[in-house]
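Have a look at this one.
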Amino acid sequence: MYSFLCDYSEGAHPRILEALNRTNLEQTDGYGMDSHCLSAAALIQKHIKRENADIHFFVGGTQTNLTAISAFLRPHQAVISASTAHIQVHETGAIEATGHKILLKSSADGKLTPADIQAALDEHEDEHMAKPKLVYISNSTEIGSIYFKAELEQISAVCRENSLILYMDGARLGSALSSKENDLTLPEIAELVDAFYIGGTKNGALMGEALVICRDDLKEDFRYHIKQRGGLLAKGRLLGIQFEELFRDNLYFELAAHANRMAELLNNCFMEMKCGFLTHSPSNQIFPILPNNIIEKLEKDYSFYRWKKTDETHSAIRLVTSWATEERDVYVFIERLKKYYRSTDC
Amino acid sequence: MYSFLCDYSEGAHPRILEALNRTNLEQTDGYGMDSHCLSAAALIQKHIKRENADIHFFVGGTQTNLTAISAFLRPHQAVISASTAHIQVHETGAIEATGHKILLKSSADGKLTPADIQAALDEHEDEHMAKPKLVYISNSTEIGSIYFKAELEQISAVCRENSLILYMDGARLGSALSSKENDLTLPEIAELVDAFYIGGTKNGALMGEALVICRDDLKEDFRYHIKQRGGLLAKGRLLGIQFEELFRDNLYFELAAHANRMAELLNNCFMEMKCGFLTHSPSNQIFPILPNNIIEKLEKDYSFYRWKKTDETHSAIRLVTSWATEERDVYVFIERLKKYYRSTDC
Amino acid sequence: MYSFLCDYSEGAHPRILEALNRTNLEQTDGYGMDSHCLSAAALIQKHIKRENADIHFFVGGTQTNLTAISAFLRPHQAVISASTAHIQVHETGAIEATGHKILLKSSADGKLTPADIQAALDEHEDEHMAKPKLVYISNSTEIGSIYFKAELEQISAVCRENSLILYMDGARLGSALSSKENDLTLPEIAELVDAFYIGGTKNGALMGEALVICRDDLKEDFRYHIKQRGGLLAKGRLLGIQFEELFRDNLYFELAAHANRMAELLNNCFMEMKCGFLTHSPSNQIFPILPNNIIEKLEKDYSFYRWKKTDETHSAIRLVTSWATEERDVYVFIERLKKYYRSTDC
Amino acid sequence: MYSFLCDYSEGAHPRILEALNRTNLEQTDGYGMDSHCLSAAALIQKHIKRENADIHFFVGGTQTNLTAISAFLRPHQAVISASTAHIQVHETGAIEATGHKILLKSSADGKLTPADIQAALDEHEDEHMAKPKLVYISNSTEIGSIYFKAELEQISAVCRENSLILYMDGARLGSALSSKENDLTLPEIAELVDAFYIGGTKNGALMGEALVICRDDLKEDFRYHIKQRGGLLAKGRLLGIQFEELFRDNLYFELAAHANRMAELLNNCFMEMKCGFLTHSPSNQIFPILPNNIIEKLEKDYSFYRWKKTDETHSAIRLVTSWATEERDVYVFIERLKKYYRSTDC
């Protein structure tokens, strides 16, 4: 059984394990105050071209989101997000558990628009309603789409005009920035948003997300919030060592580019088979629509999500590739798929 | 500079790194639903002799404490703890951030007594006061002391008589159970408390704490709480693999016993030098009281905490040993200490 | 300027003021433990025909909702409600501020259906999502509609099959139960829901809502929650005295019936004028759709909400009547409206 | 049975009831936006000599405290208070329920000192501990003592040097300011603290506390917080009308002065009987220490709290007087007390 379920099925890229082995017996300070965390932060600052950005390392994405959002907001302030947002759908009410309402805007492609943001502002006008204050976007989104530069510029503009905090969930930022269609760079993102995180867990690390706080007034006392929410890792160096390795050179982007290439191979095959797609995805998650009988055959050898029933005889499935997906495994899948199509009346 | 600051200065025991390397390319399910987590849970159940205990793995202690306590309590219910408790002193208000009050009982030796618990119950009698519901104890405590069997039995009895939940923070449970003075076993603890955790971070793991829920009515929906608080690790297997290694045989206890032996060597030396101690500690943290001029000399080559000024010319320091402390480094320290004493008027 | 803005524009019904004056110098216990609160609770128990229901008095609706919902739920549990729900739209995120997510179901008429509830259950199936546990409905709803007996029975059935708590916001329960179209009784409601409140503020009291908890397992320690959320009124008797007066006889229902009659007079006039309505409302809030130029004329002498633009030249307005609305004021309004229509090309 | 249990045993001063009766049929805006609230706020601003202070009306003290404190603080920030503080002892964990830790300083007389504040600051120095940010004091305190001008100036100075918010709970501010020993004025308090509230419930109102926010940066969006915590009263005018009456002239201070005089009469009698006192109280709560057999006799005709056992045969009791305490009832009490003393071997 081979898994296309997610991009965190395997451990870590070998270089990361090597780094952990190499540094294992060093004695360092705890809680992210060690030389590896400092060095990893400096490397990331260099990549984003902002030496004064604050970098904090977390173990996972939900923890990063809930800590940052609750640290940035006062109690009456709310988050604007797409209805597909991870914080809305897949974090068990973690944001609400810190006291904040999420204001949803329905989205077909997983992206939020300036018009959505303006509408949320217009709808909330007095103290009987929560006050919109932070805009949450994901790049790539939960359904594989990515933000283009012009889109992010417009969102950033509407946020700044309205004193909204713009926060980007970058659990799959590597895949977004390494996409063939992408026209954004890390420094541009750091310029346009107020805070974002660079996901490691889904791109080659054992675990780890690097939160980047760009805006000065969001920086104060941030480590208190990490500790209070349970996110300050005792052996913080584990995160520093991994991000050192990912950003020492371009490893982070190379791993993501590989994942995207593997998704593209799969994508091309589905297009060849004349499959439709639930959504256009130029990143490492794809959502082809297949006949249910073919899905059943695939399920004998592969794990993946049945995402959505699209009609009586078809469903969209989700296939996710990663730094660890091997080309030969993709080709075996493609061969099988083609065989099933040949032997089936679709 | 050699560090006796804490027991999480180094990475992981070599067997743990080997296991991570060995399993790195396995594809597993995420979020702790993989075979390694299941196997680690089974090993722990066997060690504690309770097959129906629920085992959940966390990355760190504060996260374990805040998730368990907030899951177990209703909003108006409060925690009883010693004034020295980690949740009171060193978690940045994490428990209060989930909405719960901590009711403090002053403690000289870090331990809570049945009388403390009874007093807290007596003082809180109506709806104008928070309602005591959970008793938090640490073993070993934050200042190195350990609970004896008779003590734990009495605490357990007063809790059960009063329908209080008894929770043990086991960040350093290995050290407590491996102490020469200890008369408790893991199965006895599992019998006497309602939930406890077995600390890995401070005993040889890269990171990881195994929460054990013994009481049935505390088990329901627990994974929701882990996720909501940001503690559900995507590559949950990392925790499973480490606890598999620690509990496959007696590695967990051997590492702790080593740490205790190293602390004992230091302890014996301080006793030989006629030092006093802040508190009696039979575990891997010791708190000798030294002349300030000797402390200053030691600080040139060693990191450790100055814990408390005890008079104008003396202070208690904290020295912590671990699985990674090497005997030769302890002997070098002892030699230096003796030399400083010989050359000083104390 | 005459106001149809809301049903809390005036003070209290004269009988209530008289009762407050009459009892003013009595010395009573505080916090709702006095004889008036006990007597009011007994009167309500009699009206709902459940002597073992627990009755708690609150000053206002938002406080009642947030206290009850946060007392009933564990942290990971969520509320299912219509998108028009007061807790969703007009409580400034009060429910989320206690840590709970609200799962919205879009509703045209302000009512929730069994299918909505089932859909919410189906969509939330594992620990990565909040767990639906409480169903919130309002009767009458925020847009004037009311629940019929068959509807409430079906909702109650789906809740009980799925171990969901059914909670009814009765801020305007008097108006709902006194509606000409109503086929529900107080005892039936108490049978079908698990908790509900009987609104006084909008039906003749200075302030006050009576929360009725029908289900035994929701009753425990409830006064702690009221106190913790700041809702335990020192001179609790003020609430008891008012509800004594409202439920000593049928005053509560008579006041609501009067409000409904006044709304019906207005309603009939709008129908005569061939106005459309935003929604069908048989209670004390009506939402006629008027030409904007007529609205502007009315606004010179009357306050009311412009609720929603319905096309380029028309808007729905909200008119609310109450126990204090005098018939002669309604007739003056009607006269004016008719005059404006006669003199206008609509 | 006559009650000295508390200062909220009766309803309201007749002038307040008259005002409520007089204004009953006025139509006003809801939620504190009416002319009575505006006028009451203006009267209070004049009394405190700060026209730019923000005034918000609440129904009760716990609600005022929890709303203000949670609005003023970020999640990691904590409150410093005396161990006797109402928020610590008698609000069921209301502050913690909004997420904030209370750091206690033991106090014999109910007052906090600059040294206590400095100690709390010194003890909390890094992100592993909650960060002290707000100082909570009560005047008069929970045990009847009052702050003198020099004390408040010193506390204010240490707060401003350390960027701490100084908040005064004025549930019994009237009694404090009307005490014979008092040397503080309302304008001085408004100058020295950042926010405080003027208690109405315990000084002649049916209910009501007026929160005064002096510091500009604490004012923003405050009404959102009131609404979110359930404290925005629909018929807000009820609070405005009462404070109009209390501050239209000096009624507020006259009522408090009466209460203090009644307490003084009692006090003098206890001194004459050579009773000791638990604490020195120049306000409307006194804590004489009596032989238990005399207490038992008094309990036949009077309600009051047994506050604390002081030795095997004596206890301190609490007697509270109010605007409604009549002189003749005090004299009857005194006569009885003297009689019991005469007939007893104490």
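General remarks:
Residue numbering begins at 1 within each chain, and the chains themselves are lettered A, B, C and D in the order written.
What we mean here is this: a residue touches a chain if its C-beta (ideal position, glycine included) is under 8 Å from a C-beta of that chain, and two chains touch if they have at least 3 such contacts.
Note that this is a predicted model, so its numbers are computed, not measured.
Shared contacts of chain A and chain B, meaning chains that touch the two of them, come down to C, D. Ranked by how far their CA centres sit from the centre of chain D, the chains are topped by A. Here the spacing of chain C and chain D, counted between their Cα centres, is 34 Å.
In terms of their C-alpha centroids, the spacing between chain A and chain C amounts to 43 Å. Per-chain Cα centroids separate chain A from chain D by 51 Å.
Multi-chain contact residues of chain C (touching two or more other chains): 75-76, 91-93, 97-99, 127-128, 130, 224, 227-228, 232.
The touching residues of chain A, counted against chain B in their complex, run 2-3, 5-6, 8-12, 14, 17, 20-21, 23-30, 59-67, 91-94, 97, 201-202, 206-207, 224, 227-235, 237-238, 324.
Interface residues of chain C, counted against chain B in their complex, comprise 31, 70-71, 74-76, 98-99, 127-128, 130-131, 221, 223-228, 232.
Residue ranges of chain A in contact with chain C, taken from their complex: 75-76, 78, 89-93, 96-101, 104, 127-131.
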